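What follows is a set of structures for review.
First chain A sits with chain B, and in the next complex the same chain sits with chain C.
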Partner chain A sequence: MADFGIGVPDELARLSLGNGAEQQASRAPDMNSAGIVAVDITDRFSLAVKTLEPGELVKDEFFTLFESVGALEIMDPKMDSGCIKPGDEFEELYDVRQPLLPEEVLGIIDQLICHEMSWHLGYPLSQTLFTSVYVEALSMPNPVGIEQAIFVRDPKDKSNDQPMLQVLRAYCLGLLKACGYVNERVRAEHSYEEEDFVTNTYNRTLLANVPTDAIRAAITEAKGLLQKLRSDSGHSYRAEVIDALEVRLELRDIFLQATECPQYIKEPNLAQIPWQQGISLLPALKSTHHLCKPVDDSFSAKLQRKLASTIPPRPIVQLGFDDAFENLTRLFQDGLEIIGVLQYTDTQCLQACVSALQSKKPQPLVYVRTLLQTFLFDAMEVLGSMSIRQLIDDDLSIITLPASPLLDRANDEIEVVHDPRFIVSQQMEFFRQRAAQPFLDILRTLCQNRCRVRRTLCHTVRAWDNLQVDAEEVDQVVQAQLKESPLSHMFLDATQHADSLPLSLSSWAYFYKLRQMEWIVQLGFELEVYQGDELAGMYWYLNYLAKCRLRHLERIKSFTVRRAEEIRALKTHENVYAGLQTRQLERSLSFVRLSLLDAAATWELSDALSCLYTVLGRLGLVKPPGRPYSNDEFRYELRMKPFASIGLPELPSFEDFTAGTKQPGTSTDDILEYCERSLMGAKRAFETMTRLPPAESFSVGSHERWLGTAKNALKSCIAAGLVVKTIQVALRKREKADLKFKVEIPTPDKAYHDWWLIPKLTPLP
Partner chain B sequence: MEKDEGQEYLRSLLNKDIRILITDGRIFRGAFKCTDQHQNVVLAQTFEYRQPSTQQREAAAAAAEVAGRSPATLTMDLTSRYLGLVVVPGHHIIKMELEQFASQVRNAPAATVI
Partner chain C sequence: MAQTAEPPQELHFVQYNHSLEAQYLPAIRALISKDLSEPYSIYVYRYFLCQWAHLCFMALSPVDGSLVGVIICKLEVHAVHSTPTRRGYIAMLATASPYRGRGVATALVKMAIDAMAVRKADEIVLETEEDNLSAMRLYERLGFLRSKKLHRYYLNGNSAYRLVLLLRSVDPDSSPGLGEGAITE
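Right after this comes the complex of A and B.
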């Protein structure tokens, strides 16, 4: 079995130019080279420059002033990292030889934990771990083997043998190696340096040359030392401190194993073990933190001067232990949870699982997200064992092609070029190649940070629009070959053709496109893109999209139902695949049912909220902020930018949008009544959804999260209902006086559901 | 010095490797790119060289003594790092040197150590 990414980064790190140690230092020319003489030109030069006019320059003609802006100004404390304040030392004078108390080692380790988590949260190594003198001593010069990775680079120096320093060394070794793995993982996958994580190691290798086994052996050795100390009565160390140190070493060892978990991609149970062990060890870490004695001297911002960076030292990041601990806990919990995606059920469950994980608040740490990407896409295989074809075929069979001859693998065996099955197989392969990228992009996009998810969706939705066009061509060729018969069905408007062809592939693409368009709007609510007075309009547009999806799903359903009838009509003995086909059709029907419910719920609730915000706008309770340089039409254009280039569904005109949002012909009472009815509908739909078992709600593996989200949406319906009631009562009582309410639109973190922002009404005295 | 002569001299130094000693004892070595009336100097592909700290000197002297050599004739490497493009402000400049190949210097070589 291939080693998924483990071990390889080590090799690559050694090859990579950007990461090799001392690459620039070795090029520094020697000042005392025999062939070069230095001639003093001080006086002549200063005389020469005096002949220049003020502002006049002598410069190389290829050197532009634009370039000079990027030059470091020497002796400027903000730019020149070598500039030292008078009375200050350039070097950090802390001596790593000095003996440490166990409490102090504990203090240093816990501080390192804080720094490690700060790094995970997005701060650079230079302001976190690399400010530790002990880390520096182990990293520079770059050790080529474990025996060189000692604090005092003199094997004869006795201070290396102090048990406490050995414990600290083992901890730091484990820490650096794990950071090396984390860094390689993040680098290998997709993330945003400016937004998520700084992978710069400033020319440090993070022990790429030291094998993990050697480091784990050093940790075991250090644990052995601690055990010896425990039975030895010749010292005054407290037993609880010794225990606390052992817990930390153990955790280091476990984390190293956890970073190697991708090698067990095919055995999720094995991959989970270190994460589970880590979680069970964490309470012991927290409960012993109070024993620490901090050693602040062992961290220094000055160490940044030794890094391959021209930035002057910046302050050390200070993250509190409690925060760090919380993030560490989250890291382990999320790490354990993502291994759940390896339990593949079907593509829809996978998507639900990934999207549920990523919509967690706060979002999983970057390392966990990149680990998820590795599981999903490593080595051109999904989840370590599935081909992209399997994945796409599985998805097609759920949504539009259940029990379809188009997905029959036997088609590939046909070699007669005129055989329809040959042509179908060829066309399908063409389509898969075309669809693979956009399809995988959905999963990949979901692994990014939330802002990027929305931004990237705006691009992928266009790719899906194009895919739909291509799919339609394939559909027509395939249809002609298979002589698919049109279906006259009741869901089409009279204006449309009474007969309709399944167009399965393009209808698959259209379904995904609609869903992504809805996500873009919904993420807009989650990310607080829209202002209070825009909510009515955006919920109106969401409602429009949900309506399109609902109609489309009804169309898909009619074909699935017909296919089911066809299969049933075949006698069982004529059809050897009956069992499999029936199962596929049942799965498809439950998926359509779930999607219909979801689309209906979205339709009703967005309709209700649009009405509610319209009323609040009419009553002057939600007022537009002053926008001297904007008008409604410009803003509409801006908000609809991601959708403007999409052919289908057509973008509503600004007039339709205004009419839908303002509802000029309808009285406020009527709107509220309508709003109430929609909320009832939405409530019913969400209630039905919450009763679905995992298999029918396509949330196997993430059912609890999925259920939680559905229940939160239900709560939003109820809360909205109360608001509507309050307004109705107040309107009835009103006698010409204005309504006295303060309306507060909650931020997504305070709302029941990120996507459903229910206003809060507080009566004013 | 005449204006033309001064400019010509400065221009002749362009892109030559120059060493600049500044007030805090550091030496910068890089290709001369630009200067102005205040003797602010722009160097490209610059390396910074720093004299050993007192602590390092003492440590090296102690080591030499242990090894049985005289600390008086001790030689130590300057610590160096790459900086790239820098501006050295004129008022911090103590000494400037031009690097030349020994084989191309007609006159007797000047002192090599700043």
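Right after this comes the complex of A and C.
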């Protein structure tokens, strides 16, 4: 999925990539060899340089933008982190031994929470947590055990014993260890370094060598200290501040447990506990924030000088506590929610669940998204217990192969090489191996940030195009075998004409390819990729794709229905699998019903919106910019680039696209009338969908979100209907003058639904 | 047609060349760094200016010849994905604030596009910050489309849009030749 950049920001991002947890210090090469004769070239160099103009570039062909971006100008304070302003000190002089008030410890902790969340949001440790002198004191030199992880590295130094410093230390230990877990998780799964998250630790280990148990013990100990202080009257500490500190230590302990939740992948109820505990503790964190006394001095950008990095000094990221708290709350809520995917029902519910979670706004944080990937794919098993074969077979049995002999595990037992079942088993295994990657990639892709989802789909759709071709070959081999086999009676009708061949595997691949093509267009709306005057065309193309899906689903349905009839005919006789087969067929029929409804709704609503934007274009209410350097045909080529190489469905010609978008032969009144009818159709389809129970809408585990989305689509239909009415009324009343409206196309965050952008009309005086 | 007002008549538009470095590079850097969270080193500028001086244009004040606006570009064969293309890239564009809203940037972009079109660019691309609506409007008025959104593209955490202007149909069967490398004439 590599996508090399071309601009300066791309290269800046690549600069800080190379890092390991612990890097070897570089050493000068050993020059004491008999074969090496050193020659001083200073004079020759000076002479040669004199022949150059100042600023002339001397470079070989390997000097790229990357190298030029990597160059630093020494003594420029903005680039050279070692450059010290006159009167300033190189070292940060803050003394970690100084006594702290409980309010100050609270202030430091809450600032650390802000920095921790900034890191989760994608900023590097160098500009967040690693600007804390306390974090630095615990991190360097790298402690090899808990006893070394103290602020003052002299165990005899009494300042370590101050209760408030012990509380702060316990908090920081829990914080750094949790960050270590988070970093490991993010590195292990697929995400985009720098754009999603920065895993660089600049030679710090995040306490990799300190055991978690020891850290949890230190937290418990510190909590004990606070309890002692609470009952001790020999100090002036306020009880509410002591309580607030305890809440924060408790949260650290819970977060550590939460980061270890993948070990309970087979026991979702246990995995959920720390996330639930965190959620119930969070209000107490927020309500005590006002007790803080900030200690700004204990954070310094100067600490960046100590980090193993060549990047220029960058400012400390400032995230407000309220923002940080909101993100922290989201982290716990989303963390809890994703554990829901472990309650597996079937592949379609799983996809719906992942998709619903990932389309949340704002999207779950990277850590949650990578945790979800761990649940989905850890150790080549899906959701901790299913093989990829189970997953693919389950999906095939829902979409195109219900109650099919192709998925019969007994085929694997046949050893006679000429037996058709042996060949079918072999072919199916070949197909699974071929399909596994693209199939799992759908889930993996959905776990990425939304921009990447769209970009990645533009690549995966081509992989599915190829898969479909390969699948068709397998289909034909399998078909030929089954014709001769004892299983052939199941397909007798189907083999009568080529047209009626089920081609189940390629049909499955085609279904997914169409879905992905629709997603690319729909995400284009969500990510505001299209300009106002492009909407008529993009909804027209979405309509084209939905139509293809609908027709394809009708084809799939006819085979499922026929299969159901065959099984029914067998039932009374000797079919021992009748119960299981009937259940599978019912599930497939439910799925095809849902998909037909969804495709029809998409067809009708995209048709209506394409018409609506065509009318707005005609009336001059949505105007295209001048575009002196472009023409319609080039822009069509550019827009359709992701789809141009796809064999089926064929890319509509530019002429068809233009005719479909402009509708030259149709009057505006007729278009609006047609638009109304389409909206009615879309509304009916969405209404029917919203009445489906979770099992029939394949949204077990995410039904509420699924229903919410369907209802929002329904609202979009109603809103679009009102706009059509407004235009119709205005057109009827209109004398010769133009319609006086201001048209606003809402951004997705202001629309009912990210994918259905309904224009807003405001009458002008 | 683009409804931008014509740039002030009196401005001088000049194609950059190396002999102007001492006079204008400090001003170019100052103008461009204003909008950057982190300055580019002088080598970044020289990387572009020394190789593609013919794709860099400056708008100068007629009064004192001071820099009012600048555009910096490159043009190379791009072959990371699929069909290799001759891809122009607008790397930097800036106008001094007192001169904004007067079409200076549009005039500079047009000069750059024309220069790249003469050198047979297939397409011209650039990135712009997602909330820089005026820049997007400028490019979109000329014919650019947003092709993709780039998540957290900039150091400040902002996302970007990649904008693309297709200048000629890109036929997958005819490539401009991979061996050519950078065009540095």
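A few notes on this one:
One rule holds in what follows: the second predicted complex is superposed on the first by the 672 of 765 C-alpha atoms of A that agree within 3 Å, B and C clash if a C-alpha of one lies under 4 Å from a C-alpha of the other, contacts with A are read in each partner's own complex, and residues count from 1 in each chain.
The working rule: a contact is a pair of C-beta atoms (placed from the backbone, for glycine too) under 8 Å apart; a residue touches a chain by one contact, two chains touch by 3 or more.
Since the structure is predicted, the reported quantities are computational estimates derived from the model, not experimental observations.
By the touch criterion stated above, A:L527 is placed in contact with chain C alone, chain B being left untouched. Residue contacts after overlaying the shared chain place A:V39 against chain B, while chain C stays out of touching range.
Look at A:R639: by the touch rule set out above, it reaches chain C but stays clear of chain B.
Within the superposed three-chain model, A:A410 lies out of touch with both chain B and chain C [touch as defined at top].
In the superposed model, A:R452 lies in contact with chain C only, and not with chain B. Contacts of A:E195 after superposition on the shared chain: chain C is touched, whereas chain B is not. When the shared chain is aligned, chain C comes close enough to touch A:P312, but chain B does not. With both structures placed on the common chain, the touch criterion links A:S630 to chain C but leaves chain B unconnected.
When the two complexes are overlaid on their common chain A, residue A:A48 makes contact with chain B while staying clear of chain C.
Overlap of the chain B and chain C contact sets on chain A: residues 53-57, 63, 67-68, 71-73. Those residues of chain B that touch chain A in the complex are listed here as 1-3, 5-7, 9-11, 13-15, 18-19, 22-24, 26-29, 33-39, 42, 44, 47-50, 53, 55-56, 78, 80-90, 92-103, 105, 109-114. Taken together, the chain C residues at the contact with chain A in this complex read 1-3, 18, 21-22, 25, 37-44, 46-47, 50-51, 78, 80-82, 87, 89, 91-92, 110, 113, 125-127, 137, 140-155, 157, 159-161, 164-170, 172, 181. Residues of chain A that touch chain B in their complex: 24-25, 27-29, 31-32, 34-42, 44-60, 63, 67-68, 70-75, 82-84, 89-91, 93, 308, 310. Chain A meets chain C in the complex at residues 3-4, 6-9, 12, 53-57, 61, 63, 65, 67-69, 71-73, 76, 78-79, 121-123, 192, 194-196, 312, 314, 449-452, 454-455, 527-531, 534, 625-630, 633-635, 637-639, 641, 645.
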